[in-house]
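Next up, some structures in structure tokens.
Look for chain A in each of the two complexes below; its partner is chain B in the first and chain C in the second.
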Partner chain A sequence: MPTLERFQQQTSDALLDSATACPEAVSGDKRERRFDVYRNNRAVSLIENLQALYPAVARLVGQEFFTAAARAYIDAHPPTGPVMAEFGEAFGDFIAALSGAKSIPYIRDVARIEWCRNAAYNASDAPVLSLEALASVPPDTLPELRLDPHPALHTVTSRWPSGSIWAATQRPAGTDAPAVDMRTGEQIAITRPAWDADVHILTQQSAQFLHALTQGSTIGDAAASQLDLDPAFDAGPHLVHVLSLGAFTAIAQTLTADPTATPQVSP
Partner chain B sequence: MPVTTPPITRLPQRAGVCFKHQHYDGIVQDQPDVGWFEVHAENYLGAGGKPFQMLSWIRERYALSIHGVGLSIGSHNGLDANHLARVAALVERFEPHSFSEHLAWSTHDNRFYSDLLPVPYNRETEDTVCAHINQVQDTLKRPMLLENPSNYLSLNTSTLSEAELLNNIVRRTGCGLLLDVNNVYISARNIGYSAEDYIRSLPTDRIGEMHLAGHLVDDADPADPLLIDTHDRAVCDDVWALYAFALETCGATPTLIEWDSNLPEWAELAADMQRAESLLNPSETVRCANA
Partner chain C sequence: MSTKNLNRSAIIAGSLALAVSQIAVIQTAAAASKEKCYGVSLAGQNDCAAGPGTTCAGTSKVDYQGNAWTLVPAGDCEKFGVAETMAQFELPGDRVGSLEALDRDLPG
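Let's turn to the complex of A and B:
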């Protein structure tokens, strides 16, 4: 094996497993201490990235536990490329599976909110579909319209009040946490109408209506699905609400309804 | 037929600073006199959003250097073509005044190690690095600058000195060098050689940029103190002195203050930048300190 390949393989092995000796080509009598600089640089750099990505998780689990979890994560799920905005998506699942996190079952969904904020922050630029633009179409054609989701739109469905818990982590240190009813689940939408990602807690009906629209249902079909569940459902205010969040970018170009498409409503 | 060599850098002969998002609002408000800004390519490879909006604002008003930290030029198994294509698209979009990367590797078998890892200094590395630099320069359609690493160890598979290797690479590829003065200081102390001799043995007419940064002295083992390239504090006096020597040896060169972690207020960063500017362009700076 050529020297460069052998050295890079041995370096990789020694970086991912601290029990593996440093590469045989390293000279000197303090070779492990010298090589430790690279082990440490790698860990510090990747843990700092996770810390910047998941500040709410860090606040909820405490710094010591967070750092230990991050240190384990970077060995179990090392990054596959050099773009740090794309590293760490599985951290929520990873930390939620640790025995030390069993008492905070909502941690996975709070992490999901933080990952979606990161994804929304870096999503492609697109205009936000305004209520005015929708109001300018003839009212009788409105039920036939489909809407294109904004590229920054993400949704999280949680059995826990994860949106409220995330919001509570945003308060200044030293202030009291607001009361949160831990028995209620929440539907969360993340949007980026301008440059910064916003987190919104939706009602169940708004979330289901939004979900149907993002799956390609016409406005009429999305409303009909909700009417089946609640005869008093009025689509107007829900449509105004999700548009005001910046959930959509445009009216879909194809106005012809697809007869094979069925509205998909989350349970 | 004479061959026109493209200039290795279009950066102004001034001091610049790394652009950090924490400083953006203040920069927009005050529009400070800064020679140029440098950013890491890998922080601007998303699909869109605020990072591009901020970088566009900077690029419209200041000269810009894009500094890659993830191309892994020293990888034995080739460059990641997808990553190179993304960097090329960024370079095409922002048309920076300089593009630079490192004599190092960071990726192996689809694992990114988030550090600038060492290469042995020998013919095999020279051939590998030259092929990769040619590929980068062909893809970006411009010459690049190659940065000297900070060294913490020596490899017994090295048969050349670092300066010999850099001379050979510059001659074979036409690339320029990014002389990181802090890295020279760190390497010279950690490995045990003369920083001044090292600088003197480089192709000094091919240095297109210099870097200055702060480092940590790790004396956990008093018998073997190690200097660590942390970029988390002000430039130390010894590195300022070596910078003055480098300017004397290589001539005036665009110079960056790097500060990547434990970020200071803008004023502290600007103070280091102004100190570099006063050494780089002494005749244009009020020399009250020496009066």
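Let's turn to the complex of A and C:
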């Protein structure tokens, strides 16, 4: 009798590669045929998982291509852990590298948006920093504040209008796709202000401002960087906008030196 | 600090203060329109957080598991098991929906 470990290894090997013989513990008639049921169940459930994760990609490439790509992906990138919410991150890169996807170079970024929606949906629960909370701090201290990003916040920078393309895949079947200017890149933010992951297309300025804030810049410094690029940059509405998306969870509790304090001079 | 920088700081501070002062007026619709409701989902149909050793959505083991929740429109949770004239709020036995995790119907 094989040990349990040996049986598990043989089962795993045979599931991952159909050319490998089924475990020796499987006995009786048509043992390979019967074991194929398990091989098939594994493949189908993983393909269904990708299908649930990447519905926009499936709609863009068509079901036949999607299923073929998914089948190839699960062989090339089998799950590395038991948590299905963490399976499939590299699918966008994988499908974009297939020769059949050459005509749709934006597919990788659309997949990225779908992956980020999955990550946002499964991110830790955290309160959303409300506009009211910001309105309650003394206005003259606003430029000095730093904000903590919400755990569900994800951003995608695309040289294609991937946010608009993703949005077009959400329309009811049978309706016409809106015109999209393929020369325009887009900055996309994914947030989860209540319970659902939302996809937002940001202006270049809002996206850069948001990026600086998520990197720990004070609101004032983040605004100054944009003001350097555009003397007409009006920080207030951009701040209200990114906050209202649910991008932040709290005002950072940072220890800053009190400018009014008398410096302590050691004797 | 140069005059240019002083001006710039004043512009930023003014812009932020103005925008924030208008918040009460513009008020967003981001207020929670849904709530977590414990103890009302069928096995495998919870939205998330069915307890230690599980990972979120679809992991509850028993019907109406007390520590698994489903998102429902805000205000609806406490109608479960109470407003039973409406079919969607029916729960078997004396179970009711709860905004807090419950210790009933836990997997053995």
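Heads up, the rule we're going with is that the second predicted complex is superposed on the first by the 253 of 267 C-alpha atoms of A that agree within 3 Å, B and C clash if a C-alpha of one lies under 4 Å from a C-alpha of the other, contacts with A are read in each partner's own complex, and residues count from 1 in each chain.
One rule holds in what follows: a contact is a pair of C-beta atoms (placed from the backbone, for glycine too) under 8 Å apart; a residue touches a chain by one contact, two chains touch by 3 or more.
All of these numbers come straight from a predicted model, not from anything done at the bench.
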item	value
Fit or clash - chain C, chain B, common chain A	clash
Chain B versus chain C as contact partner of A:167, first or second or both or neither	neither
Contacts of A:26 with chain B and chain C, given as first, second, both or neither	first
First (chain B), second (chain C), both or neither touched by A:104	neither
Partner chain(s) touched by A:85 [first = chain B, second = chain C, both, neither]	both
Which superposed partner A:128 touches (first chain B, second chain C, both, neither)	second
Partner chain in contact with A:201 - chain B first, chain C second, else both or neither	neither
More chain A residues in contact - chain B or chain C	B
Contacts of A:239 with chain B and chain C, given as first, second, both or neither	second
Partner chain in contact with A:68 - chain B first, chain C second, else both or neither	neither
Which superposed partner A:12 touches (first chain B, second chain C, both, neither)	first
Intersection of the chain A residues that touch chain B with those that touch chain C	83, 85, 122, 125, 195
Touching residues (chain side chain A, partner chain B) in the complex	2-5, 7-9, 11-12, 15-16, 23, 25-28, 30-31, 33-35, 37-38, 41-42, 45-46, 48-49, 78-85, 87, 120-126, 151-152, 192, 195-196
Touch list for chain C against partner chain A, complex	8-9, 11-13, 15-24, 26-28, 30, 32-34, 47-49, 55-57, 71
Of chain A, residues touching chain C in the complex	83, 85, 122, 125, 128, 130-132, 134-135, 139-140, 142-143, 193-195, 219-220, 223-224, 227, 234-237, 239-240, 244, 246
Chain B to chain A touching residues, read off their complex	42-43, 45-53, 69-72, 74-77, 80, 83, 86, 105-115, 117-120, 122, 124-125, 128, 152-157, 190, 221, 224, 226, 228, 261
